[in-house]
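Please find one structure pasted underneath; my questions will follow.
Letters A, B and C mark the chains in the order given here, with residues in each chain numbered from 1 onward.
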Amino acid sequence: MPEQLEGSQAVARTVAACRPEVICAYPISPQTHIVEALSRLVKSGALHPCEFVNVESEYAAMSVAIGASATGARAYTATASQGLLYMAEALYNASGLGLPIVMTVANRAIGAPINIWNDHSDSMSQRDSGWIQLYVESNQEAADVHVQAFRIAEALSLPVMVCMDGFILTHAVERVELPDPDRVDAFLPAFEPRQLLDPSAPVTIGAMVGPEAYTEVRYLAHYKQMQALDLIPEVAAAFQQAFGRASGGLLRPYRSSDAETIVVALGSVLGTIEDCVDQLRDDGHRIGAVGLRTFRPWPAEEVRRALEGARHVIVLEKALSVGIGGIVAQNVHRALEGLPITVHTVIAGLGGRPITMASLRSLCERGLAGTLPDTTFLDLEEALVDAEIGRMRGGRRSGPHAENMLRDVGTVGAAGLT
Amino acid sequence: MTATRLKYFQTGSFAAGNRLVEPSERSEQAAPGRANAITCGHRACQGCGEALGARYALDAAMRATGGELIAANATGCLEVFSTPYPESSWQLPWIHSLFGNAAAVSTGIAAALRAKGNTRTRVIGQGGDGGTVDIGFACLSGMFERGDDVLFICYDNEAYMNTGVQRSAATPPSARTATTQAVGEAPGAPWGQGKNAPLIALAHEIPYVATATIADLRDLEAKVERAMQIRGARYLHVLVTCPLGWGTASGDAIRVARLAVETGIFPVWEGGDGEVTAVTRIRHRTPVEEYLKLQTRFRHLFTPVRDDATIARIQARADRNIERFGLVGEAGQHPLDLHEEGGS
Amino acid sequence: MFETRFHGRGGQGVVTSAELLAVAAFQEGRHAQAFPSFGSERTGAPVVSFCRIDDRPIRTREPISAPDAVIIIDPTLLHHVDVFSGLTPGSQVLVNSSRSAEELGLGDLCSSHRVARLQVVPATELARRYLGRPLPNAALLGALAAMTGIVAVDSVAAAIFERFSGEVGQGNARAAYAAAELVPPSSGRAAPEEAPGGPTVMAGTSHA
């Protein structure tokens, strides 16, 4: 039965339906509503048995999840932004140990300058951490993909990050049909750990491994993650069969089969892109979109198949690899190696900058006209940047960038209509 | 096992052979069926105090829990020398995650056991002083204040030995380490720094906090046993000597630890809920010099020129411990002297 | 698609208002999307929230820049924040105040034909009367329903009851109905092109 729900509530109730046995929580916006709701479900007895642990940091959150998972408990946590970075060491440890922890990342920018708004800088920075990374377009998909995430994680004994756009999804109230708890029980078998801290059969977990076997252990980590390229579509298909909804998977094409120009993106911006594609199609343009659902492992073959008919590919991404540019674009480039396709990078939506239909449309029109440069910063206020570059050239002690530019903008703390 | 200390007049020590005492009084290490939680073949240095302390502590815990025990280990010597893959010295379920998170991993294990309704299996977290009082301190404090059902044992050898003897917050003043070299006007570790982890643990109002050393292994065993009778967050801080880092002879491991106690350098006490409730008295009060001169980390205090002023400062620290904890005097005279103690 | 923007201050239920409107639309089987302005504002700071309503699934995630309706929960914002940003000649504006549009300095907004309609409702007074507390949101949603027809007042009441139980729910619902009565009925479900050609000014001060 559909409900009108905040994204965070939808995720919390779905996670509860997955019956995690240990949940660790540390507050950070915009993830906090999720663990707050779970705290209520555990405290009220609605989610039982489950231990809800209020930890002292994200580093501890992931560490508690590691201990719990190694003891055979289904473990869950959620974080964002600085929190994800603060647990970075434990992220690599969880994947290195092969512990099937599921974590929601409510995507948010990384400071400095401190910024609480949405982009993908946080999860993209951990793309090599050994975690499977799934991105969702809507709150419906966020709910559905969490159920799939537990199944994928436990099947492979690998941790899974479900990345949902902070605020844009977590704080949006919209129609969601929560996965029915009974069907979730049927869909999600009890957690059978591959390794277990058990006094009746003692094992050593986390030993030091030297040069004689480290490469092989890392190879296996890669091998296991690449297996997810087969498993993720299988689980998405099984989910569709059980729940009647298409959610998750590796990627989703939108009106792209005959498209000359295809926009590639991940997350909630896909909705606006699809509306934009419809507008341009109405005007007779051969444009489409491909929404990536899985970013790690990288579905190179599927991406190539989805894009091979295009002439121009516009990769729109909410993260920036300083010193080289796009992150998703680099991966797309590799997937399209040898094909006569131009790949454009568009850095958009950083730190909560709205990605408007108007900007998207003009971007796509430039793409269709073949006038889009290699890399574009969408809606960049060039005057602002130029002024600061001028100050830097003008003298050594030009001061902090962020504060200088805010002074130029002049409306600090105003209504924030965007 | 009782907590009563036995004095063996044949040897003048508290560490005579087990054949002299009642079976119930014997060390777990004398039991043919002991767990050997950390079994032989590990790669610790000769005379390693940590290996000795961990062996006694874990076997006592195994006895106390009937073998229903899981251990989480911080990165450090104990972790490295016990698990040179594919070998492992651990005969109990054991996990190593990171340097700073052993207490939090222990919390996770305890939470999982609770969620599964398993009240039999108990959890020990353990690490060296670096993993406990420095990089792991936030996780440790969090575990304490939440009251998670974990006994955390710190094997304190007073520096980062695994990485080559660098200073930690447990390094005593004037001690030479690789990052507090014995050069300049104030050689060795600086004064006025460092933290007292057991007293900070006590300030968390957790039900059990104790200190121990490898000089009195029966006391260590008894404290582990008592700790395992209690639920909630517990802390045991064990002074373990390190021949490499301290510059002591391998054969002097226990002797040096005993001198740490007898000089007042390392007070051995027991407490909980915010109060110190019992202390181990000093039997032969010894000047700190006797302790210092066995260790090359303090050699600069004696050669080329004797540094009387610094030795006196160290003596004053020890004297303050003796005064503060009531380490010297007849049994029953100090308010903290609640234990029955002395000869049998 | 009908897009509404709410202006108020932190602590005044600005986000809740948008959510209640979304729930009201959902009660009618329609699609709705409510979202806040994503700030880290403290109590008393200007806050904005948004609600989209449509008969088909809503995919777009861009902020609302050209709203069909603007609700100003706190009239003290009128001259501090650009609450009229993005208004079109088809837009409708609802202001919470016991004073008239002229007294509020909004006469120009109507006479210049910048909006289709301006309605002032003493929602805080109504809330005091029916709820016993100065929380004007339910009354404003009732007035919005009557003014635009975007949802039925009954749906607003149903959304209120879903969120608030007992006396609080009852009081809020009564305030919503009372506010709706102060507003002349609209000609049906609002759409920008159906809005009246000239500005209509209603200053609900008669009952104060």
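Structure notes:
Definition applied: contacts are C-beta pairs under 8 Å (C-beta built on N, C-alpha and C of every residue); 3 or more make two chains touch, one makes a residue touch a chain.
This one's a predicted model, so the numbers in the text were calculated from it and none came from an experiment.
Counting C-beta pairs in contact, the chain pair with the largest number is A-B. Relative to the centroid of every protein C-alpha atom shown, the closest chain centre, again from C-alpha atoms, is found for A. Note on chain placement: the centre of chain A and the centre of chain C lie 34 Å apart, centres being C-alpha means. Centre-to-centre, using mean CA coordinates, chain A is 45 Å away from chain B. Chain B and chain C have Cα centroids lying 67 Å from one another. Those residues of chain A that touch chain B in the shared complex are 21-22, 24, 49-51, 53-57, 59-60, 63-73, 75, 89-90, 93, 97, 196-199, 201-210, 213.
Within the complex, the chain A residues that touch chain C are 2-4, 6, 29-30, 116-118, 138, 165, 167-168, 171-175, 268-272, 274-275, 352, 354-357, 413-418.
Residues 67-70, 72-73, 79-80, 83-86, 88, 90-98, 100-101, 104-117, 121, 138-139, 141-142, 146, 148 of chain B are the ones touching chain A in the complex.
Those residues of chain C lying in contact with chain A across their complex are 7, 18-19, 22-23, 26, 31-41, 45-46, 48, 57-63, 65, 77, 81-83, 85-86.
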